[in-house]
Amino acid sequence: MTPMQIVFLLVASVTLASAVMVVSTRRMFHAALWLILTLLGVAILFALLESRFFTIVQVVVYVGAIAILVLFAVMLTRHVMSEDQPQLNRSWWIASLATIGLFTGMVLVMRTWPIFTTTQRAVGPGGEDLQKLGFAFVDPSGFMIPFEIVSVLLLAALIGAVFIAAERKGGKG
Amino acid sequence: MNSIPMSWYLVFSIGLFCIGLFGVLARKNAVAIIMGLELMLNAVNVNLLAFWSYLYADGMSGLVFVTIVFAVAAAESAVGLALIISAYRRRNTVIAEDMNVLKG
Amino acid sequence: MATEILIWLIPLPPLVAFFLIALFANRWRGLSHYLALSGAGLSWLGSMVVFFTAISREELSKNPIISSINWLPTADTWLKLGVQVDPLTVVTLFFVAWTVLMIFIYSVGYHNYGQPLGDHDHPGLPPHGAHLKDEHGHEHRVPSVEPMYSRFFGFVALFAFGMFTLVLTDNLLALYVGWEIMGLCSYLLIGFWFGKDSARKAAVKAFLTTRIGDMFMLIGLVSLYKITGSLSYSQIFSEASLQLLTSNASPIMGLSWAGFIGLMLFIGTVGKSAQFPLHVWLPDAMEGPTPVSAMIHAATMVSAGVYLVIRFFPIISAGWVPGEALTTTMTVMAFIGAFTALFAATIALAQNDIKRVLAYSTISQLGYMVAALGVGAYGAAAFHLVTHAFFKALLFLGSGSVIHGMEHGVLHTGEEIDPQDMYNMGGLRNKMPFTFWTFLIGGLALAGFPLVTAGFWSKDEILTGSFSGGFMAVFITLALAALLTAFYTMRQITLTFLGQPRTHSAEHAHESKWTMTLPLVILSVFAVSVGWAGIPKAFPVLGGLIPPWFEEFVGSMIESGHGEEVISHSLVPLATSLVVSLGGLTLGWLVYSKVKSGQPDPLQKALGKIYSVLKNKYYFDELYQFLIIKPAFWLATSFTSEWLDRSIIDGILHSFGRFGLWVGRGLRNWFDIPVVNKTGDSLAEGTRGLGSVLRVIQTGRVQQYMVIAIAILVLFGTIFFLFSSGLL
Amino acid sequence: MSFITDPVAFLANWLQGLLAGWGLSAEWLNFLMLLIGAVVLALLALFWTIFLIWVERKGIGRFQERPGPNRVGPFGLFQPFADMLKIFTKELITPKGVDWVPYNLAPVLIVASTIMIWAVLPFNSTTSGTNISIGILFVVAIGSLGEMGVIFGGWGSNNKYALLGSFRVLAQLISYEVPMVLVLLIPVMLSGSMALNEVVNSQHIWNIVLAPVAGLIYFICLMAENSRAPFDLAEADSEIVAGVNIEYSGLKFGFFYVGDFLHAFTMALLFATVFLGGWRGPYAEQYPILGFVYYFLKTWVVYFVNLWMRFSLPRFRIDQMMAFNWKILTPMALVILMTTALLDKLLPAGQPILRVGGFLVLNVILLVGISLLLSKLLSRRPRPVVAPTPRPVARR
């Protein structure tokens, strides 16, 4: 039990617990809060994985953008379903069975994998090399095409979201 | 000084993924479904970064994938929430089960 | 090298201008005519540069500037495309460039650029004029701008391109291409006002008539290629191929190949520059706008015909030694030329339309050139080509200016008269001084007014040539034609400018814009001064003051300089030309100076019946109508259309049709309906049934689908895992 | 290294030596040093706020031709302390029906999100909390935490005015983050690193000289980020009574209060760091204490300009605020980013004169062009009367 392991177990348990809260709590706003907590926990796990850049990016993108979007959505769609009626649909038990089955199955599959429990890292303590990442993004022989495609995707999503969510002038369009 | 086996991360990510999946499958509220999706995507990211950091740190592909997943998550949540809000405007509901116009 | 490239570039600007106008600029008048003008201007600039560089290099005729590239691959050799600049090209290029540029500038004014749009003008009709209110409020009619202004400039630009190509090329093929381009353009431009029935007819007539000539020319061209295996001048005119051509006999009436080919090409010329049997199209071509007439009949097209025969003089005259009997081809040319000269002159006597007179005079002048070539006066022909181009362009533009002024008068007074009829004019010299003086210069040049005008020198050359060559018949005919020429020229000038106005329109006519007068002035300068380039040495008094540069320059084209062997310059032709020109002029003055309005042509009394014959152009149109067109129509309608097409061919086709119908019905009844349709319907039914069964599981709930998917995934995942790990 | 030239590092070394003398393991020592540094820094920031409050009240008094606080202590210097005491002793009222966790989390987040920024600021050549390689990104991320605080406060305190206020603030913050991040890329480009120390070190020529327009945009965005006049739509007392912090009282309100002032000053610090060359100045290398002096001088200049704006300008309308961001600042930021990137590649790094000249020309051109464009866009011209022109008659 090194301190790192302690930290990891702490963070992981908190994260998983809050994730469970996300899917189980009745009040949507609290679910969103739990979601934020989960995201922060994941960010810390990124830090533990020596990826500082993605730690911060996780905070920026998820906590700063997506969580706030979710919060907005929650606030904008208040009072559609009273918070004491069940939040789970009728087939929730099938869902739970399926997920549990998936979990066990995948863990079992993974167990058979030899380097499943390796402990030595390939990454040094310095974390990732941002310059290499940047070059990889703009290198034609590297990941330029995916990068561009993703940027186009983002643009499309931006415009599409605006178009969909915009109030139609003149009644319901 | 680091002594965390990779299995912990992987199991963690599977757990997170399954929780998110459960959320997606079982929640009534569409916003909650999207939250579940976010959880799943986070799990994927953890998984990718774990593999990157344990096995493939010299290559950039892991990080690139994580970035792309980030972008996709952002796009997905933006569009999804926009859809939910416009659906809420027109049909005044966010319950996924009620959105069954495509019923055969 | 630079010169070659420049030569290559000369024809291009008009082409570019044409495309630009046709594609982009056809909505903007100003833009289009600036494009066309700049195109012509560039070509003009290039031509001048080439001209001066060319005349400054000695022995040009021995080693002309030639550059060529491979164009079309034929079986084992290449059709070459290239440019060649030798003395003939140089002089032709000179006058073509000048006249073309002048005509372009003139057209801007002629089509009333800057005037308002017509009240009820329509594309395809000449502008009818527009009503305009001036600041005092009372309105009056003014000329209106041409509706298809841009289109006109596009066409003339293309025309210019064709001419430059034809002049500059170094092979017969490209020459033929330019020739046909000009044929097309003349068709388009003569029919420019296609709203007018007469214009349409004239266009078709011109096209078909020239086409006859072109067919023969093509024959000649092909046979030339067949014999010599090449079309480029340098090879055709080489000693070897000339020998080849003269020595072998052609299958046609005992002519040598050279004679045959020469004859064919000459017939092409007959079509293009309206020689005797095929002259009918040229007068009708006057239906086009006047700049077009100038373009076709002075600067380019008809000159192209003569240019062709001059260019191919070596072949035509192959086997002919100066001072001896002519070859068949040359004889034909001499007689047709001489005859045409006289014939057209006589017709010109009786025409009242100012442009038609000029048209016939053109025909006769061309006859001069052809005759001159026929008698072997090579340099004289070329010389007359140049001078005639200048003064005839001048005359046409001048007549256009006159018509313009008259139209202005007509619009102003509102009379219903033909502004082109000379009997409606008179006394215009005060109204339009520029036009008058320039027209006078042109007219005198045409009439060959002694010593000062260019026309005198060139005509004198031709007469001298024919006389000293000893072809009396030709000589006398030409002299007579010259007399008549002077006569009708004077008649025209007198009726148009001198005397008193015979109509109100003539009173209210006034001078045209500078865009129209400036070209007149420039051309008139040339109409006078060009002649001095060719004063023969042996001419009394003046001879040798100015060296006969032209003769040496162009004459040097023909080895041992044809035509220039007459050292003893006899005075007979000189006297003749003096007499005929002066006499004709005075006669014309005497006859026509007294003509009042409404009174018939004095000649009518004098000649009586003949006059009407002349007036109707010897009934040639009617003759052709009867001899050719009617039978053609009969053949087309009753034979081909009625009998062959309708009854026989259609019958066969219809039987096919019925058969097809029968087969189709059979297929439908026995195959399509029972087999194909049944299958399709049953398929559709089955699909619907299946769908109605399957729709039950389609609940429209996403989550449910996902649950099912995940469940199946887990199930099969476990099964596969167990199998793979050998537990099952 | 003496106490005079570099007090902080001196003290740090002394303390380290002392603790090491007590026989602490390296890890714990490191941890402890960081902890102490964090505590000291946070306390410094908080106490600094008191002085800020005095300055601001005095300043606004002078601007409005009032004496301002002048009763307690010399020049009313102790007025903030009095206010502090008052706030401490006030009762903490928690309204009914609040959402407990967000309600209490909000003030903490607000202040924390400000103080956490101090952790990455380089105060002089030797002193900085921590120098992470992505400092600028870190700053942006922390800004999003501040947004969290606002939204929690708005939601938690179960009050429609608070919710409205939080929505406004949120809209404003998110919108103005876009051009801010865009122009922040320019210093990153010019210095080739996202670490604030690098950004400062590389500024032999201040970025404000190289990219004045970017600096302008960044300054405006900063003012919008800590929502004060003219961007104070959040606590627009006249429209939504004090916005987010309406339901807060006592110390919690004090947190909001402190957060506001501290945020303003932090933004001034950031601007000085990113665009004014941070602690750079003559002899700042040899005598790091001079670094403090320069840094705080620059900061004060920026801070004073900020106050000046706040005191002088009226409040935006919300649509004006949005339009100003999306129609002017964001396109401007995009254009300046692109052009600066191009020019940075074009101009050789060697000649500073050439670079400065080129960038100056570029910025002037951009500024002039944009101002012309704006004057064309914003000028209200009456709609021109469109009369049908008669179609020409004979024209195909």
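Going by the order they are written in, the chains are A, B, C and D; count residues from 1 in each one.
Note that contacts are C-beta pairs under 8 Å (C-beta built on N, C-alpha and C of every residue); 3 or more make two chains touch, one makes a residue touch a chain.
Computed from a predicted model, the values in this text were never measured in an experiment.
J.: Could you let me know which interface, A-D or B-C, is made of more C-beta pairs in contact?
T.: A-D
J.: Using mean Cα positions, find the chain sitting nearest the overall protein centre.
T.: Located nearest the centre of all protein C-alpha atoms is chain C.
J.: Could you tell me the distance, in whole angstrom, between the mean C-alpha positions of chain C and chain D?
T.: Between these chains, centre-to-centre, one finds 81 Å.
J.: So, what's the distance in Å between the C-alpha centres of chain D and chain B?
T.: 33
J.: As a quick test, compute the distance in whole Å between the mean CA positions of chain A and chain D.
T.: Those two chain centres are 29 Å apart.
J.: Of all the residues in chain A, which ones touch at least 2 other chains?
T.: 57, 65, 72, 89, 91, 94-95, 98-99, 102
J.: If you look at chain B, which of its residues touch at least two other chains?
T.: 21, 25-26, 96-97
J.: Mind pulling up the chain B residues that touch chain C in the complex?
T.: The contact residues of chain B facing chain C are 21, 24-26, 33, 96-97, 99-104.
J.: Which stretch or stretches of chain A touch chain D in the complex?
T.: Counting only chain A, the residues touching chain D are 29-30, 33, 36, 52-53, 56-57, 59-60, 63-65, 67-68, 71-72, 75, 127, 130.
J.: Per the contact definition, I'd like the list of chain D residues that touch chain A in the complex.
T.: Those residues of chain D that touch chain A are 99, 101-102, 132-134, 137-138, 140-141, 143-145, 147-148, 151, 155, 163, 170, 174, 194.
J.: Using the touch definition from the top, list the residues of chain C that touch chain B in their complex.
T.: Touching chain B from chain C are residues 694-703, 706-707, 710.
J.: Can you name the residues of chain C that touch chain A in the complex?
T.: Residue list for chain C touching chain A: 703-704, 707, 710-711, 713-714, 717-718, 721, 725.
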